[in-house]
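Questions regarding the structure given below will be posed in turn.
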Amino acid sequence: MADGKRLLLLIRHSPYGSSLARASLDVALAAAAFDRPLSLLFTGDGVLQLLPEQDSEALGVRNPGRLLASLPLYDIEQVYVDAAAAARYRLDLDAAPVAALALGREEIRALIDRHDHLLGF
Amino acid sequence: MADGKRLLLLIRHSPYGSSLARASLDVALAAAAFDRPLSLLFTGDGVLQLLPEQDSEALGVRNPGRLLASLPLYDIEQVYVDAAAAARYRLDLDAAPVAALALGREEIRALIDRHDHLLGF
Amino acid sequence: MIYSLLVLSSPASGQCAMTAARFARAALARGHTVGRIFFLDAGVTNGAAATVLPQDETDRLQPWVELAERHGVELILCIASALRYGMLDETEAGRYEKPAATIHPAFTVSGLGQLVDAATSADRLVTFGG
Amino acid sequence: MIYSLLVLSSPASGQCAMTAARFARAALARGHTVGRIFFLDAGVTNGAAATVLPQDETDRLQPWVELAERHGVELILCIASALRYGMLDETEAGRYEKPAATIHPAFTVSGLGQLVDAATSADRLVTFGG
Amino acid sequence: MTLHTLNASPASAAFADCLAMLAAGDVLLLLGDGVYAALAGTGARAQLDACGARLCLLREDAAAAGILARVAGAEVIDIDGFVALSEQFPRQLAWY
Amino acid sequence: MTLHTLNASPASAAFADCLAMLAAGDVLLLLGDGVYAALAGTGARAQLDACGARLCLLREDAAAAGILARVAGAEVIDIDGFVALSEQFPRQLAWY
């Protein structure tokens, strides 16, 4: 990983409700492609991107599931999820398209403190 | 009032957070200009349009206050406000730019039932 | 029955604009008349001619164009919103000295009277927002 | 200090886009460098050339144009979002056979690498959304 | 006797405002991000079940969200069903 | 030690999510519809006061909202003050 500021992307929006979810994943992939240190935190409605079995064929839109599954290929290993947000929607994180470490509130605050720039999506 | 369907506009959005508030008032004025029966209900964040002393000069945007005050000139008399929503923001309805009858939940349901078409803004 | 639709959703902000187009087609298929579809606020951007979506996403302009060209449905952009969002037909582009129209010809730009008229004369008025 | 800004807000959806422009101007006035302002998602519509606001509302394009032309600030539209929102420069308008460019020349269209570069090299990265 | 359509997540102001207005005899059709409110076992779903309105959600949006297997008790309808609802309910109110 | 900026009404999901993340030592700057959370005597303001973060709001947005006389205890700052905050706090997080 090249030096430079450590970037944390906080993803708070649902997959299909706006084009933001799509844009935020593009930023993550771009950062990885430029070999920049990067972490991802799914929180708020962003955890809904981790629901398995998403089938957006009928809507004619791209399905973030495949994109999420490819994150490790871009050696984006630091993927986290807000445990409280996931619980609110009773998500089964083991079935998520990408492995994400569940964090409590204090751990999330520590995660934020370990990064230089925060991108809120 | 010409015949035709009775129209109820429910205004739920704040004055400056989007261009929706502006559009909804334009619809109200247009309906009145075409002599169509029309009622307005401010509910949710829409009640924030009724705050007095709005000064949007510095933002360079039009202030809905004057527009609201002109509603009676367009003989739009049926102006209502959701009492619970107003209370949530501790609004003083007597100071509002336009006189609006405060309604409780059941009265609002009855208001809805008295109209043919509902426009949710 | 006579249906009028009010579309407030932008094609870029989720699926609701396309749900509205599918609703119109289904209403026609069930034998109803869809007289007028009125686009207001961010909904006017459904008329944009310059939008380019990635290959694997279905086109979001074509469903509207078909409703107009094949089924004679009127697609009306509210002029106040159209100007605010830069959605100009030939006349408005000329009036404001812009290089070209920015909307597809299947759409027309007009005043709110058309919405009020549609709203008070239709049997059903269905709004699509968000 | 070197500032980079990320603008996600559309000029039509409230005041945040103009707050971002005012922030950039104030940062310059306090002696900072504002290298790059990156527009993403709905933020790319800040580059629209065809927007027409009512007389009594201040222009929302001019503040950006001044930052670019008078202070040399780079105004970059993310290409993926620009295409999705129909914000095309001359090249893209040609490539997709559209009648004319739809953005103001003070804006350039480029890839996300520019955002990543700005984000990881600037002292401060300030995001404006909603 | 109103057809409510909700196109916003259970965390939104629109969900709370819509819930306050729902009456028995109404029907609520969940669209777009609204479908997540039908997730069985969530607080949002419990609130919807308690208000006595008939609960429907749009198939295409529920399939995209990946929740078709987790909305037991709510009626999954397609766009044709949406038109049919609008035929039955003369008044529609959009929440978003 | 983070500068949070909130550009959404107290009824929004963004307000609830932001509140959950605020820590003592952080500063919260209310922008746009965020300013309504500073209204004295409201539930939203009570929640903000309880979390121990320093509370600021942007003058132009508060003036437009018409609430300058009802936000006692919160710091009203102008755009220059916003830049000054960003100088002090290296990390900014936008909620909207």
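Each chain carries a letter (A, B, C, D, E and F) given by its place in the written order, and its residues are counted from 1.
Here, a contact is a pair of C-beta atoms (placed from the backbone, for glycine too) under 8 Å apart; a residue touches a chain by one contact, two chains touch by 3 or more.
All values derive from a computational prediction rather than experimental measurement.
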Could you run down the chains that neighbour chain A and chain D together?
-> C, F
Quick note, more Cb pairs in contact for B-F or B-D? It is B-F
Copy pair chain C, chain D: interface residue numbering same or different (half cut) | same
Most remote chain w.r.t. Chain B, using mean C-alpha positions, is A
Report, in whole Å, the distance between the mean C-alpha point of chain A and the mean C-alpha point of chain F.
-> 26
From the C-alpha centre of chain A to that of chain E, how far is it in Å?
-> 27
Would you please write down the residue numbers of chain B that are in contact with two or more other chains?
-> 16-19, 44-45, 59, 61, 117-118, 120
Note the residues in chain E that touch 2 or more other chains, in rising order.
-> 8-9, 11, 13-14, 17, 32-33, 60-61, 64, 90, 92-96
Chain C: positions in contact with at least two other chains | 8, 12-15, 42, 54, 80, 84, 125, 127, 129-130
Touching pairs of chains, which are they?
-> A-C, A-D, A-E, A-F, B-C, B-D, B-E, B-F, C-D, C-E, D-F, E-F
Chain E residues touching chain B in their complex are 1-2, 13-14, 17, 20-21, 23, 90-96
State the interface residues of chain D toward chain F in the complex, per the touch definition above.
-> 1, 3, 8-9, 14-16, 19, 22-23, 25-27, 29-30, 32, 123-130
Can you check the complex and tell me which residues of chain A touch chain D?
-> 4-5, 7, 18-20, 23, 26-27, 30-31, 33-34, 36, 117-121
Which bits of chain B are touching chain D when the two form their complex?
-> 16-19, 59-62
Once bound in the complex, which stretches of chain F touch chain D?
-> 5, 7-8, 14, 31-33, 58, 60-61, 64, 79-80, 82-84, 86-87, 90, 92-96
